[in-house]
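What follows is chain A paired twice: with chain B in the first complex and chain C in the second.
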Partner chain A sequence: MNKLKPLFARLNKFPRVALVVIGLFVALGTFAPWLAPQDPSAQNLLQGSLGPSVAHWLGTDHLGRDTLSRLIIAANTSLVSVGSVLIIAMTIGILMGTIAGYHRGWVDDLLMRVVDVGLSIPSLITALAVIGIVGPGYWTMVLALALAWWPMSGRISRAVAVSIMSKPHIEALRVLGASPWRIYFGHLLPGTIGAVMVYATADAGTAALAVATLSFLGLGIQPPTPEWGQMLVDALPYLESDPRQVILPGLALTAAVIGFNTLGEAIALNRIPKPLTRRMLAMRRIEVAGWAKENSDA
Partner chain B sequence: MIHFISKRLKHSLVLLFLASVVCFTLVVSAPGNVAVLIAELRGAVAVPGYVAQVEEEIGLNKPLLMRYVDWLGDAVTGDFGISYRTGQAVSADLPHRMMVTGTLIAGSAVIATLLSLLLGFLGAFWPYKLPDRVSRGLALIGASTPTFFVGALMIYGFSVTFQLFPSFGFNGPASWVLPWLTVAVLPAAVLSRVVRVGLEEAMTSPYVLTAKSKGLGRTAILFREALPNITPVFINALGTQVGLMTATGIIVEPLFAWQGVGDYFLAGVRFRDFMVVQACLLIFLTFFIVVNLIVDLAVLMTDPRIRRQWS
Partner chain C sequence: MSLNRRSFLQVSSAAVGLVMAEAAFARIAYAEGAAGTLRVAIAKPAGNLDPQSHFAIWAIQDLMFEPLVKYGKGGQIEPCLATDWKIEDGGKTLHLTLRQGVTFQDGTVFDAASCKWNLERWMGKEQFSWMNCSKYFESLEVVDDYHITLRFKEPVLALMQELTYTRPPRFLSPKSVGADGKFGEPVGTGPWRQTSADDTQSVFERYDGYWGDKPSYERLEAKVIPDPRSRVAALRAGEIDLIGGFWIAPLTPEEGKQLEAAGFNVAIDPGNVSLVMAFNPDRADALKDQQVRKAISIGIDRAAISQALYHGYAKPAGNLFSSALPYAGKQNDAPVRDVAAASALLEKAGWTGSPVRSKDGKPLTLEMVVSPDAVPGSRVIAEVIQSEMKEIGVDLVVRSVDHASKHTDMLEKKYDLGFFLTYGAPYDPFGSVVALCLSTFKNDVEGKLVTDAANLDPLINAATAATGDQIEPTIQKVYDWLYDNDAIAPLVYVPSIWAHSKRVQGFTGPVTEYDMPYENIVLAE
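Right after this comes the complex of A and B.
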């Protein structure tokens, strides 16, 4: 329990709403197949568009599928696609950003100009253009979104990489004759990945929104796989008779995005990567002293 | 001043050139033979030599650079080629579609500006009190709700339940209200934070302290001292949001059955009609560049510090 304390202390700095919502989203997404009470794609046309009951807690859609199960499975769909998008986007972004931050000069100028252009075009338009050329499909959607998303992590990782490269220990490594590969893989890359990951979690909300939007437009996740945006568009023709089927997936998605956005705001306010201040150094020292004490206790 | 404008114009021209290159390469790199597609469309793919004739007709057999120059020359004069899906000219109803999208963006921009100023000022007038919390909460919800969900809620609330406004179509101001509101929600939420944070920053600055010590009231300080100072920042943010509205339009236009550029772009993407995708993309990119240019000029007008720097 003692070892968990620093973890809790760190988590306590984040807004509680964000932690609860994100925790719920990740838990639901990970364990969805075991949590869903019924088969999400089992149709029963005789029991379509029902209200809440003991058998179907949140009612059924127009094809008689259990809405609660579909909402839970949709969390899984969303989590997996958002995860893939962010992993691919971050890999590209971190690579480009660290290369730009390591080399500076014209490489930096060129890459950052590309990033500028990428950032100035709305991600939905970039993603749709890619889908329009390659053709729709699950992996096209993931790749298209990753292509629209990498400039953000590219810019952050470049900023972090530049600040790392200007630190004295890199200079010391150079003087000691460390190879560029060692500096790049041993010091620059690990330092950048950590910082960028923090920001990427804040981006997850907009990524989830983009996945849902593409699915809503019929160019992302295809039926019968449940997904919030696609459930919403599926129920839209029945808006007048059965608004619940439109509102529930919308609320689920909104809640998830609110969670990630609150987290993102907290990160933007408190944790902008900056050189260590004296206060932070002192805190680090206390933390490290704590580890030493724990180790000597054991 | 003149120097700044000429430099900025040159910058925009370079960006326009890059945008055209992006649009051109996107379609050139698309898989599949365009000439076969068109020949199929005309039902003559089996006629011997017809594919070659089509290639000749649309200039596919020319070198890439020549094709780019031809395409750019056509595009500048408003000719975006032939749609693969319908066989008609892409530019046929483009002016009308641009007018529709323009109506959407202009109306939403006005609503978003008014709403965000109202919310931001509420928050700045009573900082960290109830109005501020409400405005902050609304901003968070507004920025997090998916646009298509906002649209569905608008239709359900204003059209199904209360039957105040029509839920689809582009005929008359009454039918414009719901799409305008739908598109305006997200920018209003984001901009209200810009106003709120900007005002708070301005309120802690020395010139406000001076104004306070002269005995000016809070309202007078907010409107006479702080507002002019956040105007350039606000215009910058508004420009970004107006650019983003093109993307929101892609979602909202089909939802309300508006035949705008966004709707056209989406249809092009759905049916892989490259010429339509290309034309709409070029229009969008040109729009961003023009908006950015206007924003920079407007900031120059409203911020004497930058103006002095360049004169």
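Right after this comes the complex of A and C.
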């Protein structure tokens, strides 16, 4: 229990509501197939648009499908698609950014002009263009959003990489004769990933919204896979006769987006430099001792 | 100045009262402005109204331009600018008697000369060869001021029906065109004259020199409201009086039901357009087997689709055409869903196993292409069919595409299952049969519902070549072939839905989806 104390102390610094919401979202998304009480695609046309009941806790949609099950499975759809979009976008962005930051010179100029072009076009338009060429579908949507998303993380990672590269310890490494691979993979990449991850958390909300937007336009997830944006658009005709069908997916989406944004902000605020603890000091000593060994080997 | 509770309440209640009074005055002023005006919603600007081009909203052209003959209920041909007609020579000669006392809205007299001028603008031109009367046109002879004779190279199928179309056969004033003969102003012989048109609305006033029954109100405003929900809200707010019409400002069954509950008058017509599912055996080998096609057809619950998605406004379909159309053929009952029979058929065809059936190691997976923009509501219907197919072991993948991709995919036959809408009156039955089912007819808009050069084409050619009493039995053979081979799966007859405010009285739905139903309306002020 004592070991968990620092973890709790750290978590305590984050807004609890955001933590609960995102925790719930991730848990629901991960375990959705086991948590959904009913088959989310099972229809019963004669039981459409029913209010909450014992059989259907949150009622049914216009085709008589269980709303609760669809909301839970939709969390999984969103989690997987948002996760994939961010992983692909961050991978491309961090690679481009760190290469530019490490190499500088013409490589930097070239890569950053590509990033400038990417940033100058609104991400949704890039995504729509990709979908227009490849055709709508789940993985097309993920790819399209990733292609629209990476320039932002590319720009951030380049800035972080440049600042890391100008730090004295990198200079020391070079003087001590560390190989470029070692500097890149051992020092530059880990440092950059950490910084960019913070922005990724804040971006997750926007990405979830983009997935919902594309589905809302009928360009993303195809039936019968439930998705919050798709559930919203399906329910729109019933806004007046049964607003519950619109409000529930709307609330889920709003909670996820606000949760991610709040959490991202909190993480960014918590990254203000902390005083060196005894433990961190010891770690650094061990690392520096390692350098000396490497030097003597050479 | 100090503010106590009393003065705060006084000031705020005065402000609220002022706002309410202003709103009430605005409403009164608005209602006064609308007196004698019928306000109709249109989903897009009326467009280029040239009767010989293909860009305008049909119903707006219908307000100004009139045909020689009109399409009446059940396909009855009624006199309009022609009072009498006689077909001779086995369908190769048409004698027309023109109505006297008709003037175009610019004062030009409508007579044989202006009629000839109009007909020669399109008859016999390559661009209009999709119409038989244009394709086979030979000559036009003016007998006297009010009689003309048209001669054709071949007997013309559905000649009088073709003359009822909105474009190109309607009549434009010869004085309204430019020096180069190109369309200038929309001037016809109809009861409405356009006074202004822009991207927000088209305004018409009653043409007092109209030869027929004049509308009882003076103005008609067609207001452009692209968003369906905004149209419904505008009707509720009293900003418009009438919404509906498949090509004008479509109203969904759900919206119709909500408006009915809110006390608006909703007029439902059984409709003469059919929603049909196409099989593409050229892409999906499984569909080459008639048993598979039949299993899919009887695996669909048409009654539940009609009940749940159309609120019972649509009738389940067993035929390509509903009985509202002429020559619609013998009406078969709509197939009733039978999961056991469908599964048995698939077993018999060699598709076994679960949850997805397979044959020779290949799963029974079919792709359905839908576009809610092209066929309203098709995505939801596809979801329902997808779930019903799952129950009989067919894995249906729904691919939802935009309007443009739908047209290219349908033309290139990139689908296993797809939805088609028939054209409806006045084009059907021959319009859809030829354009959607005859393999030799080039259709680069919708693609083909079903084709079979060896078996179906001869039947269609025989039906289109038939005259008089022979038409009915020959076209029945086409319907029988489609039915006996399970070549298509008709789903529902799409209803025509209109909603109007209490201000509109005497409303009757239009005979075709291409007309504006202004005729019997009386405005209560």
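Structural remarks
Please note the rule applied: the second predicted complex is superposed on the first by the 266 of 298 C-alpha atoms of A that agree within 3 Å, B and C clash if a C-alpha of one lies under 4 Å from a C-alpha of the other, contacts with A are read in each partner's own complex, and residues count from 1 in each chain.
The rule is simple: contacts are C-beta pairs under 8 Å (C-beta built on N, C-alpha and C of every residue); 3 or more make two chains touch, one makes a residue touch a chain.
Since the model is a prediction, treat every value here as computed from it, not as a measurement.
After superposition onto chain A, the partners chain B and chain C occupy overlapping space and clash. After overlaying the two complexes on the shared chain, residue contacts for A:Gly83 are found with neither chain B nor chain C. In the overlay built on the shared chain, the residue A:Leu46 is in contact with chain C alone; chain B does not reach it.
In the overlay built on the shared chain, the residue A:Ile258 is in contact with chain B alone; chain C does not reach it. Contact with chain C, but none with chain B, is seen for A:Leu63 once the two complexes are overlaid on the shared chain.
By the touch criterion stated above, A:Gly135 is placed in contact with chain B and with chain C alike. Annotation for chain A, partner touching more residues between chain B and chain C: B. By the touch criterion defined above, A:Pro243 lies against chain B but remains apart from chain C after alignment on the C-alpha atoms of chain A. In the overlay built on the shared chain, the residue A:Ser120 is in contact with chain B alone; chain C does not reach it. When the two structures are aligned on the shared chain, A:Asp234 is found in touch with chain C, with no touch to chain B.
Shared contact residues of chain A with chain B and chain C: 135-136, 218-219, 236, 239-240.
Contact residues on chain B toward chain A in their complex (touch as defined above): 18, 26-27, 29-31, 140-141, 143-149, 152-153, 155-156, 160, 243-244, 246-247, 250-251, 254, 265-266, 268-270, 272, 274, 277, 281, 284-285, 288, 292. Here chain A touches chain C in the complex through residues 41-43, 45-46, 48, 62-64, 135-137, 218-219, 222-224, 234, 236-241, going by the rule given at the top. Touching chain A in their complex are the following residues of chain C: 229, 252, 254-255, 257-258, 261, 301, 304-305, 307-309, 372, 379-380, 382-384, 386-387, 390, 397-402, 405. By the touch criterion given at the top, residues 117, 120-125, 128-129, 131-136, 205, 209, 212-213, 216-219, 229, 232-233, 236, 239-240, 243, 246-247, 250, 253-254, 257-258, 261-262, 265 of chain A touch chain B in their complex.
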